[in-house]
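The two complexes that follow have chain A in common; it is paired with chain B in the first and with chain C in the second.
Presenting the complex of A and B:
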């Protein structure tokens, strides 16, 4: 109590300014972080792997990897870490912070680009700036079942067809011998241009206490 | 010096008088002097006042945090199919095709799971919506007012100074009575008198132990009480569940043979009536366990077996998967739902955090234990139902009656990991969504693309 609480409050406030979460949300996320890490300072891939609900998810490896990817730390570094601390955890989460009432249109556009960049990084595993056919096919295969409704051949065919579609959309007059490098970030943005992301790709934090809301002040 | 001894002796005599005549004897006969009832009522009034005071304090000091008992994020409730349809409609895609945006559904679900999930929160104590004046639940609450702090201080004094010694005495008396009583009854030859005496000994001992925890138990629907030759299943929160249930009837316990004090109690209990204790090596052999239980049930004169099918302690906000082993034995199942009132004390045993002794000490220094026990109507396995489906049916009935959340997850996840087969389920679901009835179309597209020259080169076939 006492002194240590104000110190962590100041740290939370500092993190709040940098990531865009409110101090309240940061506190909740901190509790969650400690729960996941078993009260340690850092979490590793094993800690995230042990979440039961995540085990359901076919692309959980990519999602977990995204937390350890240095590209998502907004510091222009590349590579990946073995363990991350709470600050890095928050940095990754901040890509999905909810927009407040005060977000302007440009900020919304910037947020959207950020989210797209995050998702692009998730697929571009070798960090060469493009999503190649192999990386794309890997995504499709992870999502489809290896047994059951779709066989190996059909899965491959779906991946190829999708890649073909992407290629023809972006480079309409390709000659038969041209080598299609892969999807660059600009292509990626173009493919997903019409997709409405605001309501899909952010985490909506619950705000139970309405008595502390005051007029003119948003508490998201 | 002698005065001190005589004073001490006098105090001790008064103490034993109070304990024996005012608590133990009425407990043995199932009567109550009503003291606990009055105590609970006073406690409720104090806690209500405390809650209002804290709420007022929150309005005045906005920095006081609010606990979120249901998780910290809001989740969209749609199923995978609904979400996919919505995603694909906005992109005007047909079936049999894959779009990059399909993956969004999985990203979002994955991130939500990392931020908050339904399972890991079940293995730690429930967060209360308002402080109940116990230090141990004071994670979120700060100094609000002087009066509140005074009440808290008084509470500490009452709980540790007055109630705790009383409870320890009662617990010791209760347990020694159990051991001595059952050993004596064990000397008698098999007869209905022996059974009746054994029931009496067990009941009185458990009643004393319940008083030793200041437990107020409300039994509902007692006409559905488990009968001989049946199996009683209940949700598991704490080892005290046994005391709670055994206050109202005699059960045959099932469990592992322990050493130490618990072993002594087990050995003496089994002399007077047939409990089922397994050696550690036997527990691993599922067939041996099942056949022994089956033999017990088949002899319809034996006491109903008490089993906790979750296999581990859950924090009493939800019911997790009932393991199907208990439901394969046959016989009639009598489900029982147990719900603890968290205002008066946290009954959940977090076995990773506390060992048995510190857990019992915590229990004895809480305000009280207030429990609701519902006896549900008996259920039997129906035709065309397998053990797992039957287990789920019983679990739903249990969760419904107790007001608990019905989860399909396995309580064993407290210590282990999820199997890979769950991931397969999600993959299958997604595959069938995008292929659906358009399997033909994707195959035709495949044929077309191999006929014309591909516009890109593969780096590998």
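Presenting the complex of A and C:
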């Protein structure tokens, strides 16, 4: 008992160093992980699918997919896994860390890039480095998927308009015959500049100072 | 907060004729304003009433004293009150005009200062003329007539998202900050008053409770003053909403403290029960105010659901319901300001979905107009009241008050920020804190509250008033004037002028869902989870009740997209079509640049052609004609806010347009072969021409323009999409099945040239009949400043 305690503590500490969470948070997340996986070592897509609260989410497929996407593991691998362990789970979660008061401007930039990269990977499903019109259309369709027929009709138009906007902002002068291949990561960064991702894309409970965390309770 | 004044300084005109003329006019106004009351006062006997009386009396006795029939008569008393009111309003408006003709001045000195100065002058003039200065800042007038428009304007256009995101911070500043200020100032003032040595000092007589009351009056940040000053400095949204939100929400605290101390001054002591009651009272006042406002807001939204036949009075409902919510709250001594804010914020998303575009414009303009005039009047009256009011100057009291106000504010802000930053993600930096502290301006509300004090209960009322006025002057003049250079000096982040793009909107929504999903995966019921729940509740139940017809089902993203399209279309029309592109970056990118390249269309198209026997062409034309009507309805509705044709929109029976469209289409069909191989350039109005030229370099091969109005063009083919082929097939089948409608819409690629379609304005305020003449009329209205804050959906 004592031995396994320190072993897991050491593992947690090691993870804490790598992902930037505090050991407290890692413990809570671990509890949640156990709950989701049914006390197994890994979780699969079905485990995440079975969370009832996710049922109402229009983009749940993409979210679940993001957990199994190797690109989000920061190890320069591509492809997707079938099952992930706690470490990979944490890695994905670490994308939602907020900046602290001590984060410098360069670190904030890096944080923003990282979060944008996460979003980009969610959109770029075929991993060719660009978000093509079809992929973007799919994104908008999923967003509007809960809105029935009205959503489907307008999705295409909206996606096209959005794409046009990206193209106009980034490559203002295209000859009539040029073809805009797709949104590259640089263009993606450019158009979402105004949103200040580093402060918007975070989960509150990952805030380092907060001690109230309900992660781990069996309410799902 | 968008600028209500819409300052545009005409370069170079500043100095000469208009300015002098205006000055002359203003002087004349002053004279008239002061002479007429004079005239009326000194010769009351020339009244018509008297004439009639004497006449009647004379008639009764003998009829020999017959006067000549008064051809021209002066009867001032008859119209005195409305005349004076109008004169004041006119004066205020002329002042506003005047300031903007002097660009240099309005750059240095905030308008509020100038207006107070004018008020001082006017007050001085009236006093010089020996007249009784009208009690202009009478509290009833102020609270019932002058304040509501400003607050309603603020509440209706309150940016909900930043407000909600920072609600915790705002509440902290508003409640805790104001309490701290009140007690700190009140307590220390009392202490200072007591420590006067030796000479019998009038200050000794001031008890603790009056001091605390004074503290509570003077501690509240004033929304009018904050708005007036902050509007001109354009700081970033976060700071603006923090200070402004605080000034709005501290009203509840002020109301409670004021009444509490006023009540108990008579009793003399405050017990613990009283304090507890005070706290409960605060909750009642705040929550009650919000509830009252919300109820009226929902009523207004519900009423607007049925106004489709009487569009003209739609704005009236908005105004009257809001005003009644204010009055109702005031009736119960609840917080009227919070009621008004709640009413405006609650009703807006639903009302906006229901009312016509013209009503929307009307509401916007009226609110801006009233609040603008109100604000001007308030500052002028402040100046006048300063000249008039009985003053009791006491060096100690006044200076100590001013100093304490500053000190209390700084300590309060710093202390609170330290606590708040523990809970915030985006921490408040020192610069932010400085701006928040420096932006704590006092204004007319404090003065009016002081004015309301009972002279018997508060013998030192005059001293209080003097001190209040000094603090107001100090904050407005000193802080108001220096905040702009300080903002520049400290390089505080300014307001982002960029319009919200469709990409940002898509990703904001995407992010919302993503974060909610992650929270769910973590099992954490946070922020996003509840917001999501509220949104779903709103969509499922509330919208159905309060929004008429099909609009209730429209998802946010689509609503945003339509608004954006319409805005672009309106801008394009107003700019004369293509001269100035609506997009920030003029680009030559058009739809075909992003449509994926398909194999050369020639082949499949040619394949299609032979398949079209001559006889079929007629059939196709017929089908096109009939389908186009339906398509047009549907497409037109796409470009407006309704997703189905709204038959109630005025002027919708424009068969004329349809007929013209048919004629165009006939021409097009004749040249159908051309269309399939050459990029489409349908007959355009001149407006459309220029638009296309500007945005689509391919529009060389232009058909001779018909004088038809710009309309939606059935772009039968874009060169690179074989969808055109499908189109033909569709059309053939369309006659038999109407389901093809949907397919067609998608493939026609009509929606896809946002910058180049002035046909967008099917709905826009101006006109549905798209005559050129009518369009130019629309052009003469430059509209509000371009970056009006967007109509945001409820909990976006």
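To be clear about the criterion, the second predicted complex is superposed on the first by the 192 of 220 C-alpha atoms of A that agree within 3 Å, B and C clash if a C-alpha of one lies under 4 Å from a C-alpha of the other, contacts with A are read in each partner's own complex, and residues count from 1 in each chain.
Heads up, the rule we're going with is that a residue touches a chain if its C-beta (ideal position, glycine included) is under 8 Å from a C-beta of that chain, and two chains touch if they have at least 3 such contacts.
What you see is a predicted model; the values in this text were computed from it and never measured.
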{"item": "Which of chain B and chain C A:27 touches, first, second, both or neither", "value": "first"}
{"item": "Which of chain B and chain C A:168 touches, first, second, both or neither", "value": "both"}
{"item": "Touching partner for A:48 - first (chain B), second (chain C), both, neither", "value": "both"}
{"item": "First, second, both or neither for A:104, with chain B first and chain C second", "value": "neither"}
{"item": "Partner chain in contact with A:160 - chain B first, chain C second, else both or neither", "value": "both"}
{"item": "Touching partner for A:39 - first (chain B), second (chain C), both, neither", "value": "neither"}
{"item": "Chain B and chain C footprints on chain A, overlapping residues", "value": "29, 32, 35-36, 48, 51, 53-54, 56-60, 63, 93, 96, 119, 122, 132-134, 139-140, 143-144, 146-150, 153-154, 157-158, 160-165, 167-168, 174, 176, 178-180, 191-192, 194-195, 200-201, 203-205, 209"}
{"item": "In the complex with chain C, residue positions of chain A that touch it", "value": "29, 32, 35-36, 48, 51, 53-54, 56-60, 63, 93, 96, 98-99, 101, 119, 122, 132-134, 139-140, 143-144, 146-151, 153-154, 156-158, 160-169, 171-176, 178-180, 191-192, 194-195, 199-205, 207, 209-210, 213-220"}
{"item": "Chain B residues touching chain A - in the complex, by the definition given at the top", "value": "55, 58-59, 62, 65-66, 68, 70-74, 87, 90-91, 96-104, 106-120, 124, 142, 409, 413, 417-420, 422-428, 430-432, 434-435, 439, 442-443, 445-446, 449, 453-460"}
{"item": "Residues on chain C engaged by chain A in the complex (per definition of touch)", "value": "421-423, 425-427, 496, 498, 501-504, 506-511, 513-529, 532, 536, 553-555, 557-558, 561, 565, 583-597, 638, 643, 696-698, 742, 745-746, 749, 751-752, 754"}
{"item": "Interface residues, chain A side, partner chain B - complex", "value": "1, 24-25, 27-29, 32, 35-36, 48-60, 63, 67, 93, 96, 119, 122, 132-134, 139-140, 142-150, 153-154, 157-165, 167-168, 174, 176, 178-180, 188, 191-192, 194-197, 200-201, 203-206, 208-209, 211-212"}
